[in-house]
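Chains: A, B, C and D, in written order; residue numbering restarts at 1 for each.
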Amino acid sequence: MSFDFSILVLALPLFMFLFLGLVGVKMGKKITGVVGTIAMGVTLFICYSIALTYFFGTDQKQVIDGVRQSVLAYDWNWLTFTDKLVVKLGILLDPISAMMLIVISTISFLVHLFSLGYMSDEYGKPEKGFQRYYAFLALFTFSMLGLVVATNIFQMFIFFEMVGVSSYLLIGFYYTSPAAIHASKKAFIVTRLADLFFLVGIMVLSYYTNTFDFKELMASPESALSTAHGQTFMGCSVMAWALTFIFIGGAGKSAMYPLHIWLPDAMEGPTPVSALIHAATMVVAGVFLVARLFPLYVLEQGAMNIVLVVGAFTALYAAAIACVQSDIKRALAFSTISQIAYMMTALAVSSNVGEGIHEGGLGYMASMFHLFTHAMFKALLFLCAGAIIHAVHSNENSHMHGLHKYMPITSIAFLIGCLAIAGIPPFAGFFSKDEILVACYEKSPLWGVWMAIVAGMTAFYMFRIYYLIFHWKKHEVKEGHHAPHDMQWTMTLPLIILAVISCVAGFIPFGDFVTVDGKPLETHTNWPVAISSVCIALVGIGLATKMYYKENKLPSQLKSKFNGLWTAAYNRFYMDELYQFITHKIIFQKICKPIAWFDRHIIDGTMNLLADMTTSASFAIRKLQSGSIQSYVLVYFVGAILLAAITMVIVLI
Amino acid sequence: MYLIPSLIMFGCGVYGFITRKNMIAILISLELMLNSVDINFVVFNRFLYPDQMDGMFFALFAIAIAAAETAVAIAIIINIYRVAKKVDISEITKLKF
Amino acid sequence: MEIFSNILIYFVIVPLLTLAGLALCRNKGIGAIRTVAVIGASALMVLAIALVAIFLQERGAGNEAEMLLTGSWTWYEPLNIKLSLGVDGVSVVMILLSAFIVFAGVFASWKMDPLPKQFFLWFFLLSTGVFGFFISIDLFTMFMFYEVALIPMYLLIGVWGSGNKNYSAMKLTLMLMGGSAFLMLGILGIYFHSSADGNLTMNVLEIAKNNAIPENWQLFLFPMTFVGFGVLGAMFPFHTWSPDGHASAPTAVSMLHAGVLMKLGGYGCFRIAIYLMPFAASELSWIFLTLTGISIVYGAFSACVQTDLKYINAYSSVSHCGMVLFAILMFNQTAMTGAVLQMLSHGLMTALFFALIGMIYGRTHTRDIRDMGGMMHIMPFLGVGYVIAGLASLGLPGLSGFVAEMTIFIGSYENTDVFRRVLTILGTSSIVITAVYILRVVGKLLFGAVQNEHHRQLTDANWFERLSTTTLMLSVAIIGCFPNFFVDIIRDSFVPVVKALNEFFPVAGI
Amino acid sequence: MDYSQFLIMPQEIGLLVVFLLVFLYDTFMPERCQKALPVCTTALFALYTVFSFLPVQPGTAFAGMFESSDATWAMKAILNLGMLLVLLQSVKWANSEFVAVRRGEFYELLLLTLFGMFLMISARNLLIFYIGLETASLPLAALAAFEKHHYESHEAAAKYMFTAIFSSAILLLGISFVYGMAGSFDYSELATALVDKKSALLIASVAFVIAGVGFKLSLVPFHLWTADVYQGAPTAVTSYLSVISKGSAAFAFLVMMVQIFGAVYADVWKWMLYAVIILTITIGNLFAVRQRNLKRFLAFSSISQAGYIMLGIVAANTLGMTSMMYYILVYIFSNLGAFAVIAVIERQANKVTIDDYNGLFKTNPWLAFTMMIAMFSLAGIPPFAGFFSKFFVFAGALKTGDTAIYILVLIALINTIISLYYYLLVVKAMFIRQDDCVIPTLKSHWTERTGMILCSLGIILIGLVSCIYSMLNSAAEASSNLFALI
């Protein structure tokens, strides 16, 4: 069947953005929220129907000898660069985009629903800028959907920018608080810096391949890469450079080290936003980008290795930091970074050598799988965090402790999330993470071990957070505040839904749907890896239980023992300070200021100097006009004589 | 060669103009210059082109005009004397710069 | 009189009629003055839109002539000076842009005080020059209209300006006129070498066709013309009139100046310097590429530390206009199309910026961002407008800036000259710096806490301000959403010049 | 001798008739009618001006001493226009108390000088030229001294007189050298006689002739008298000095140079003029920059303007000649427009410095407007006529194709920026500056108003109406044989 209706997934959110943005102010706040949520529900429905028709459609054209074809639903010329390079806007449906449609619409809808409660105070009164909030949510949904269905790399770039802006707007939603402003600015500029590389990458790539179109690029990756005729730049082939630059673009959005610094600060935004943008959808855009261009990357091992190293390092680095954060949202943010790095690594370890692209694509499949599951349980965790924060009005887990008996539902949901992310069967995380570890071992045992360690740390810090929030010690209710409690249904329902998904998602036969080449890939659990990873996870959990279940001195002792390490990790290894130094001390002080000074004083000075010279010259020669006839006549006479004499000298001699 | 006397005379005129203080004296040196030029005309006519009279006529016209000029100049000098009570040219420097 | 059968001439006649109408108004009759001005501006807008329609129709009818609606009427027979009219895609969109900005400018200067009549007189004299420049293809008339457009700036800034206006006005006028001095020599030089066989001409098309300018003369005349226009294009190091001038100019004048007048520079560089002297262009382009490349980054960096709103935008204009000249020197259709798009987009969004700044200044009486904050609370409309302008300027897809810059970058990279590619990569970095200073302003000015308690009483925009800004916002969005409409108009106009350039500069690409 | 040759000089004869009528009116009309003299003279002259536009048939008279061609006819017509404007703005002044008694003489002398200039223009013989020159400059001294009660007036007259006599001496010296070499005073004969006589004497004579005429054109370094005389002399006389005598001298100078010394254009006097032009324009501008007194200011500006006029002469081709005449025409209108305003304000408010003009626009918008377009025209800003005239003289100069002249023109162009600066100072004073003791609203006499309106119309229209230039061009083409030797 045809996908003509698929345009609605873009049209509806865009319309909602304009509608809520322009008309919403006139409407009541509650209604705006409800309308937005309903519209999002419709979008959700459409997305599901698209995805389902795509995966289970009975159309013969879709699956040709076992290979699932990608469908080009729409493709409109938008901007003509050259005769060859034309930017098109359209909708491309293939396994990953269909899968992303599901993820995005699900999370987005649940967040819409959750925000109804979260963005209101205890008495259910919506707070200021409620309409703006929903308009921005719609805008973001539009941009994100547009990103995943992009038919060409330039459309993807366009929507990269769009999601960047909408995340800027949402992070800065509380625009009166300096922290929020600063965070939003930081997020935008850092991702913009990455997008710069993305752009350069596109420029190089498109110059040689003469196309933006994914289908054309994927049709024969080898020929696409060979268009550069083996030109090299500083030793590496041009294409390697292009792909690396494009990866940097993705790394910016996906908060890979060293471009990760914006994500923790981005937690200044409303928590549902963090759940939607900075846990589930936008931050995986980078992974999605690399997955899109996977066939090219696979052929350019140089670029691929960079992805691998960056990913693996980031995974460990972020996990290490997450172990010591006291702000639960920041801790979750770092765990997000680490998990996304996981996906990157998974992509990077897959190869086309050996068993060929199909078998080697295990990592690819695993990465997508993990992307899916992670989106679910990380959103769950964030929404739980949102509920908690909404209850205790604080991000610091020192203000929480022992909330278990106050907020049982939330507590259980959070626990499920933790189990899922820790990779305990039968929860979703186990299956995806397991595939990833298998892929890593296939690449080389080193990476396998490395990622396994990260998995252990993940289990540890997640349960650390869990215990610190819900157990550790009895919660003391500050006077003036009523005791925290579970929220109304609009907020708990999403938690429950997501918890359920996190439990069952693992059993989806993902390999049948999402693979590199569209052929189903049957996955057989690799028992040694599985068992080892589960054991490591259990160790991590046990450690966390030992240290944080009941109030005790052990953490502080450890802290004092490894004080240096602890503070370093707590301050995120001083990356932010480094950036601060570069931007403020170097660029601002050492470049901008001098240039401005130069402009005012040197260049302007020259212009003024010319003027002053003229006037002073006119003042200097005024004595010539002495007023006495005799001097006039003298000048006159001498002038005449000189005129004659000089000419004689020149002409006659 | 014919020029020498007239040029000397002209030079004297210029010198007188530039050095003298009294306006009458300056007027006289101006006359000197004009007349030296008249000499030129006459001499050239007489020795180089004896067969025509243009130079002579020109000299006559020049003399006449010089006379007129002197008349006007004298008038102005007298006026200045009336108004400012001075004939010293170095004091006539109100308008300057 | 068949000259009046050509629609182009009305772009000069209408402003002149408006001038006449204004002259008839009484000094005090503000109502009448406004009416006349609005009628004139709207008529121009209608004309411009009609012109676009006619142009598209002609092209649609398969008229492949380089210039459309051409017409020529002898003016100064002895020097073969003609009043030659004609438009190609570039001039059409330029005229459209000017019409929009004049329209917005009229409303932006609704409450002009004192001497509204004189203000609008000069205002429309300026627009006469601008339109005349864009419709004429005869060197002499172009130059004449160019100067007609320049001189009113002096009084507009001097009389109605603010701050250190005397200095700024004088500086601006002298620098621009200095540029036009070189220009005059260049034009005369071109004229006297315009034809191999004695019958000299001032008509741009014929000169290009004769292509008779000796190469050594090109090397002398090209810098003359390019610098002459480059001064107006705010090319480093001749840009310093721009910050002071914009800072002291009244709102509408800043709009018109940044929005339209600075475009004359880029347009002239293309139409006269490069088009007529391709050899010298390809020989000397590296010098001017360096200069323009510098002004892109330089302007952006110095915008980062300014605290006066108008200075920030003046410097960002330096950066953006540098990009225009930069792209023109890339010698291929894509980049040049990008340059024109950039002119459009910069014209509209800078005009929008200056309009908003003027309105904010009119309320707070300060332009120092350190004294302001939380404006988003107080005047939401202006705030949103400012954010939109900012996003357009830092290149948000869907707004004009993105389209223009991307076209420029892609096109520049098409040119395989290594030196150019390096510059292109450097130039792209400006999109980050732009983001930095735009967000800095938005953060300080609109967000955050209210700095000055008195600002709480301030009101939001009133209807004519809304009208003026909405016009510009809409046009910015339209260009951003439907770029191909404009690209199709513009792109083909560059075929001849690119062909001519490719003889000397083959690597430029098409 | 046949008297029919008088028919080729109708303009001169007409002028003499006007002069005679004025003279008779002045002598025989009773005292009560005298007050009407200025108006009557102006009317009469206006009539004559119209008449003087009737074409004359070209030809020579008095054994080739006097030539009348389309060019001379056009030039004289232009001067008549200028004269008319001067008369218009001087009517009120001529009736002011100190001058009233001698108002007749004022007009008679003025007309006589104009007659002298006509002789200069038409002269094809050095004798006539010399006589014309002196006829033109002698009465001017008397006119400069016209305001008896003003010491400045006398000083100005003295300075003018002494420098004039000195310059005529220098000129005579040059002429005598020429005579010595060629033995004739007739232009055409000289031209043939002086071919390939490149001697020190010739160069000296060229230099002295340039110096002699340069006095009337006030070229640097022969210009020093200008400012003082302009400042001291009555404004009517100053304006007359600044435009009419300059214009006539320029034309006569062109004819002399290209005809007599045409053979040595390329390697002698072209370079002399380059040097003189650069000096003139630059020095004139530099002096003007810091002038506060408007009459001095305009004096220096007129010096640099003379430099631009010389560009038309150094071009030495018909285009240059056309442009020069056109420039003079435009310059007459622009400068007289400025002087008309100055005259009105000086007569009624007795203020002449730029600072007195602060805020003039508030009180006297029309005066300010006239002044402004005059300034813009002088600065060469379109759409005013000055722009066109400047463009054309540059075009004429560049037509020679000489590379060095590009440098010359570039310098001239850079100087236009300086000049624009000081012209803008006046505009700034009138429109931008504010002042507490601003000039009160003035009521100008109808003649003055007519004059100003004519000037404004001229400034605005001359450039836009191209037929004037074409007409001048055809006139110049008619006498293109002047440039036979170039």
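As a working rule, a contact is a pair of C-beta atoms (placed from the backbone, for glycine too) under 8 Å apart; a residue touches a chain by one contact, two chains touch by 3 or more.
Computed from a prediction, not measured in an experiment: that's the story for all the values here.
Trainee: Is the number of contacting C-beta pairs greater for A-D or for A-B?
Mentor: Most contacts of the two pairs: A-D.
Trainee: Distance-wise, how many Å sit between the C-alpha centres of chain A and chain D, to the nearest whole number?
Mentor: Averaging C-alpha atoms per chain gives centres 78 Å apart.
Trainee: Please compute the C-alpha centroid of chain A, do the same for chain B, then give the distance between them in whole Å.
Mentor: About 97 Å separates the centre of chain A from that of chain B.
Trainee: Averaging over Cα atoms per chain, report the distance between chain B and chain D in Å.
Mentor: Chain B and chain D have C-alpha centres separated by 26 Å.
Trainee: Could you state the distance in Å from the CA-based centre of chain A to that of chain C?
Mentor: Taking the mean C-alpha position of each chain, the two centres sit 37 Å apart.
Trainee: Considering chain A alone, which of its residues make contact with at least two other chains?
Mentor: 611, 622, 625, 627, 629, 633, 637, in rising order.
Trainee: Do you know which chain B residues sit against two or more other chains?
Mentor: Answer for chain B, listing residues that touch two or more other chains: 17, 92, 94-96.
Trainee: Multi-chain contacts in chain D: which residues touch at least two other chains?
Mentor: 158-159, 162, 166, 227-228, 421
Trainee: Looking only at which chains touch which, which shape fits best: line, ring, star, complete or other?
Mentor: other
Trainee: Output every touching chain pair, sorted by label.
Mentor: After working through each pair, the chains in contact turn out to be A-B, A-C, A-D, B-D, C-D.
Trainee: Using the touch definition up top, name the residues of chain C that touch chain D in the complex.
Mentor: The touching residues are 75-79, 81, 140, 144-145, 147-148, 151, 154-155, 158-159, 165-166, 169-170, 173-174, 177-178, 181-182, 184-185, 188-189, 191-192, 220.
Trainee: Quick check on the complex: what are the chain A residues that touch chain B?
Mentor: Counting only chain A, the residues touching chain B are 622, 625-630, 633-634, 637.
Trainee: Within the complex, which stretch of chain A touches chain C?
Mentor: Per the touch definition, chain A meets chain C at residues 77-82, 85, 154, 158-159, 161-162, 165, 172, 175-176, 178, 181-182, 185, 188-189, 192-193, 195-196, 199-200, 203-204, 206-207, 588, 591-593, 595-596, 599, 603-604, 606-607, 611.
Trainee: Please output the residues of chain C touching chain A within their complex, sorted ascending.
Mentor: Of all residues in chain C, those touching chain A are 171, 174-175, 237, 240, 243, 298, 301-302, 304-306, 333-334, 374, 376-377, 391, 394-398, 402-403, 406-407, 409-411, 413-414, 424-425, 428-429, 431-432, 435-436, 439-440, 443, 446-449, 483-484, 487-488, 491, 509-510.
Trainee: Within their complex, state which residues of chain A touch chain D.
Mentor: By the definition above, chain A touches chain D via 611, 614-615, 617-619, 621-622, 624-625, 627, 629, 631-633, 635-641, 643-644, 647-648, 650-652.
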